[in-house]
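Before anything else, here is the set of structures, which you'll find just below.
Two complexes follow with subunit A in common, the first pairing it with subunit B and the second with subunit C.
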Partner chain A sequence: MKDFINLSHGAGGKEMHELIKSFNFSNRAQWQDYDDDSSTLDIGNNKRLVFTTDSFTINPIFFPGGDIGHIAFCGTVNDLAVLGAVPLGLSLSLVIEEGFSVKDLKKIINSINLLSKKTSVPIVTGDTKVMEKNKIDKIIINTSGVGIINDNELLTKKIKTGDKVIISGGIGEHAVALLSKRFDYKTSIITDSKPLVEEIQAVKDIIKIAKDITRGGLAANLNEISEKNKIGVLLDEEAIPVKKEVKKLSEMLGINLYELASEGRFICIASPENAESVEKRLKLFNKQASIIGTITENNKLIIQTILGKRILPMPIGRIIPRIC
Partner chain B sequence: MNEKETINQHITEIKRISQSIKKNINLMEICGGHTNVILKYGIREILPANIRLISGPGCPVCVSSQHDIDCIIELAKSGIPIATYGDMMRVPGSTDNLEDIKAKGAKIFEIYSTTELINLKKTYPDIVFFGIGFETTAPMTAFLLKNNICVYSVHKLIPPALHALIRGEIKIDGFIDPGHVSTITGLRQYRKIKIPQVISGFTAERILRAIRILVELIKNNKNIVINAYPEAVKEEGNEIAQELLKKYFYTADSEWRGLGMIPLSGLEVKNEKLNAKLKYKKIFNAVPLPKKSACRCGEILKGLIQPDECPLYRKTCTPENPKGACMVSAEGSCAIAYMYGK
Partner chain C sequence: MKDFINLSHGAGGKEMHELIKSFNFSNRAQWQDYDDDSSTLDIGNNKRLVFTTDSFTINPIFFPGGDIGHIAFCGTVNDLAVLGAVPLGLSLSLVIEEGFSVKDLKKIINSINLLSKKTSVPIVTGDTKVMEKNKIDKIIINTSGVGIINDNELLTKKIKTGDKVIISGGIGEHAVALLSKRFDYKTSIITDSKPLVEEIQAVKDIIKIAKDITRGGLAANLNEISEKNKIGVLLDEEAIPVKKEVKKLSEMLGINLYELASEGRFICIASPENAESVEKRLKLFNKQASIIGTITENNKLIIQTILGKRILPMPIGRIIPRIC
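Let's look at the complex of A and B:
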């Protein structure tokens, strides 16, 4: 390993996993972790406490349809929601750069407040620090959250060959909205960032697992499910919902559509008998919710395209648009 | 007809025509964007056995010379602020890369758009832009020169490289000309190269169509250029961009990784005060010439070997820890081959 940290250590890939492994934390026996995102603790009466934390730094902090506060609230709520839990409360820690505009800070807090009211998930504790000018870039937010769930409702059920993969809506909208600010193009697409609690609660009884699609997009998140559960997935490219404008923009920028982040979409896996009901229930929230693939035996993420089958690889490195 | 039917028709036609040609056909796709689509969809595997697709030098990161990379790293280490595109950050120099020396304190700015430099210059008046890319990105660099920003130019031109390639070690029967570069250059310069060429767009259907047209041209011995991407590429190209290039750059011989020195294939900054290569000559003169490594990027760029024939490929050279430039960019042959499991 390198003797200093560089950006790839925070990009969610191999370097980050190696680094975390080297930390060697102890006394974790009573906790069980899922997905690197959250951990659960047996609290008796067939119930488990779910705990998660996340830090948010994003450039730019305001983008079409959202801001860093929106993402910070939804990100933590969704990490609890995908295990089937209803969040009880969140903490909110702010690290702010000296000189940051109070108006902007209020805008960020206002988005958090609105979401908190809408979802009835309170902000229950927090911390505020200010750092000297130029020591950090504008603002960093950390949120942590807890929820309680009945053992038998925990969404970590066994997946079988033949099960179906369902997605809750179109892919890549958050990334395309965010990148429009960085690359200075106009788009009508806004971020898809939203709390997923209602949607997941609506299908909780008939799905086996759920995973919110964040960094690395469909490609990273399905590859993780495939690796962790030692199963394969056959995706049908034509069934994957994507808005026309998102597709065109990803082609124009030369970035892979399946690697684009969402902040308000999840994939879930259900038995073949239940898949259509899941799709139908999810369509009430987003018309583009669709069955997009089938679980296979071969341990690989394969996509059926117009020209035949190919591997959909795990994304490597950071998303960088082409210069050619 | 839907896309699937069109694709099947292209494949049937390619098979029919190539059978009647009765010899091996070497086609080269110049652009890394095309290579990506070809590998992503397994197009090489669908083609008849006598058609070989060879990846060309159309990845700007890959063809930059090792010495230029070493020079810009040295300049950054000496305390001069540098700005460049994200793709350059992990290209290995002889001892470091830009990402690592940035982590250790060098002032390096990864930019998305050259307009960001206008603001950066207010804080860092001596900032140097490391200008890389073909005809597509060079006009943006010209815009910086117009705004008095100092540039280290490794911009390169595609048509002179095509001239060099047809005189090279492999016999090339036809080129799939780049899509984006051609929006700037237009068709005129390709016409001087006397082999069949098709300018193509970037979907699987477009590439198969380009191959279909190429085999037809080869069969009929027609050494002409067909524009199969007319929605983006115009006969005369982008004349405003061409004027900008003429105004701020002059053409000079340029070193391409793998291809060597190609006459009049590089763009150098006309204004001596804004030309970082002259301004910091003293620093660059002290940078030693790079030692030969086991990396075979050069032969891969010429189409002589496939990535998996390089002894470093997948062993010590991976996208997380690239040893050669072709493993860095999403347009590099090795990175693309790695991604799609070749």
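Let's look at the complex of A and C:
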């Protein structure tokens, strides 16, 4: 471990996971965590409480198709949704820079209120702090969330060789929308940020696990699944949906397409018998939903390209800071 | 509402409450909030889920007797404890400045781990973000927490005229410890920050409500209780426990003693018949625990001093920023 924190420690890749492991939080009692994003507790009657948290440090705070409030609401709702839970309520904690525009704050709160009404997930508790000018960059938002789920509906089912990986839509649109604003580059791409509850509920009876694609993109999230479940994944590059402009911008910026964050896409894994039904149901929400890969035995994330197979490693280094 | 956010909007006083009201979060479904700090949800079988959140922006992050990790753990545990709940688990979300010392981070995490072991309240989920140098002042921590409580144990019982107000120990020690470090002033006072679960559990059968004293001190918290319950409070200044050095420092700094934050003290309200038992039980934890006032009819917080009675208003203005 180095002596000082650097941007890579907050980027969702290898360095962050090592830092968190070093914290050595033991003593989790009856809680079970299935990934780094949420934890569940047996509360009797075959039900589990699901609990998750996320802090959002996005730059810029307004970008094509969304703002920090939109991301903060969807990010936490989605961490509950991917376990199969219907979110019951969110907390909202604001840390604001002195001198921040009340009008901008109201716009952010309005994004949250609209999503809250649309999804029927209320903001139920909160906190507000203000820091002196230049002691914080504009605004940081934390949302935490709780849900309750029946034991047998929990999306933590065992994955097997031969199972299929399905993605709910095109990759990288959030990252490209945000970066285009950050670098003042014109694009028609808008963030993909959205609540995933409906989509996941629509397929939960025929999928084994689901994972929203955030920091570190497909590369980080599929590597996490691979490590956790001690399985490999063979991706078919041709099948991965991506808009032309997203691909072009990732090349221009020199960023690996598969490390670009989405905020309204998830991957799920289903048996070969169910994979096509999953794809079909997800296409009702997004035409780009596709089967993109197969679970293998070799413990590695490998991508089949027209030039041959190559390993897609867990992202290392800063990736892109402050994207979510 | 002014056009720009200022420090008073995050200080726990009148401006903050007005800002939050303007957010207009409706749609709370079955959730009930008893104060601004936490919310509860009926989960069947005569049980309620309790949920709370807090972001900590303390300056300085290390101070006599504690650090930001200590405060972050206790603050959220105490928001659950004052409703009578035994906390089940906390989330921990870190937003760290690039270049922050890993050694200091480990000290903060160690404070949290020690408290977690001591109280058997695990850290069950988390998030880590890093912001560029000078885009955030060192570190901000959010802790959210969940607990479950039996309906009939919830400390939201009806307060009546004649009920007594009891405090669990001397006021203002946290604020004085923190400010003495901020202003490089020597003092023997250390923060009062501590988990209040045991103390509250020890009296929960004979008290009606409890409230931890944080931002805005006794003045803010008793005014909140007064407004919420449409009752008044008559405080006896002579009975309010305060260490000499705390009083001296509050005078030196020109800060109203009753607006100084504590992080390990609570006030509770009990019937006149139970008040002495409450005081007696609380004295086992802290000799300064005392009956300090009486519930009245007049909807105002009034303090009886040796010079006569005066109103103690809801704090207005910046109070003291970044104290918790």
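By definition in this document, the second predicted complex is superposed on the first by the 315 of 324 C-alpha atoms of A that agree within 3 Å, B and C clash if a C-alpha of one lies under 4 Å from a C-alpha of the other, contacts with A are read in each partner's own complex, and residues count from 1 in each chain.
Keep this in mind: a contact is a pair of C-beta atoms (placed from the backbone, for glycine too) under 8 Å apart; a residue touches a chain by one contact, two chains touch by 3 or more.
Not measured: the values here are computed from a predicted model.
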{"item": "First (subunit B), second (subunit C), both or neither touched by A:Ile109", "value": "second"}
{"item": "More subunit A residues in contact [subunit B versus subunit C]", "value": "C"}
{"item": "First (subunit B), second (subunit C), both or neither touched by A:Asn6", "value": "both"}
{"item": "Touching partner for A:Gly89 - first (subunit B), second (subunit C), both, neither", "value": "second"}
{"item": "First, second, both or neither for A:Ile43, with subunit B first and subunit C second", "value": "second"}
{"item": "Partner chain in contact with A:Phe51 - subunit B first, subunit C second, else both or neither", "value": "second"}
{"item": "Intersection of subunit A interface sets (partners subunit B, subunit C)", "value": "2, 4-8, 321-322"}
{"item": "Residues of subunit B touching subunit A in the complex", "value": "3-4, 7, 31-33, 40-43, 46, 58-61, 85-87, 90, 99-100, 102-104, 112-113, 115, 132-134, 136-137, 178, 180-181, 202, 204-205, 319-320, 329-331, 335, 338-341"}
{"item": "Residue ranges of subunit C touching subunit A (in the complex, touch as defined)", "value": "1-11, 16, 19-20, 22-29, 31, 33, 36-39, 41, 43-45, 49, 51-57, 88-89, 91-103, 105-106, 109, 113, 116-117, 120, 122-132, 134-137, 140, 142, 144, 146, 148, 321-322"}
{"item": "Residues of subunit A defined as touching subunit B within the complex", "value": "2, 4-8, 13-15, 182-184, 251, 254, 305-308, 310-311, 313, 316-318, 320-324"}
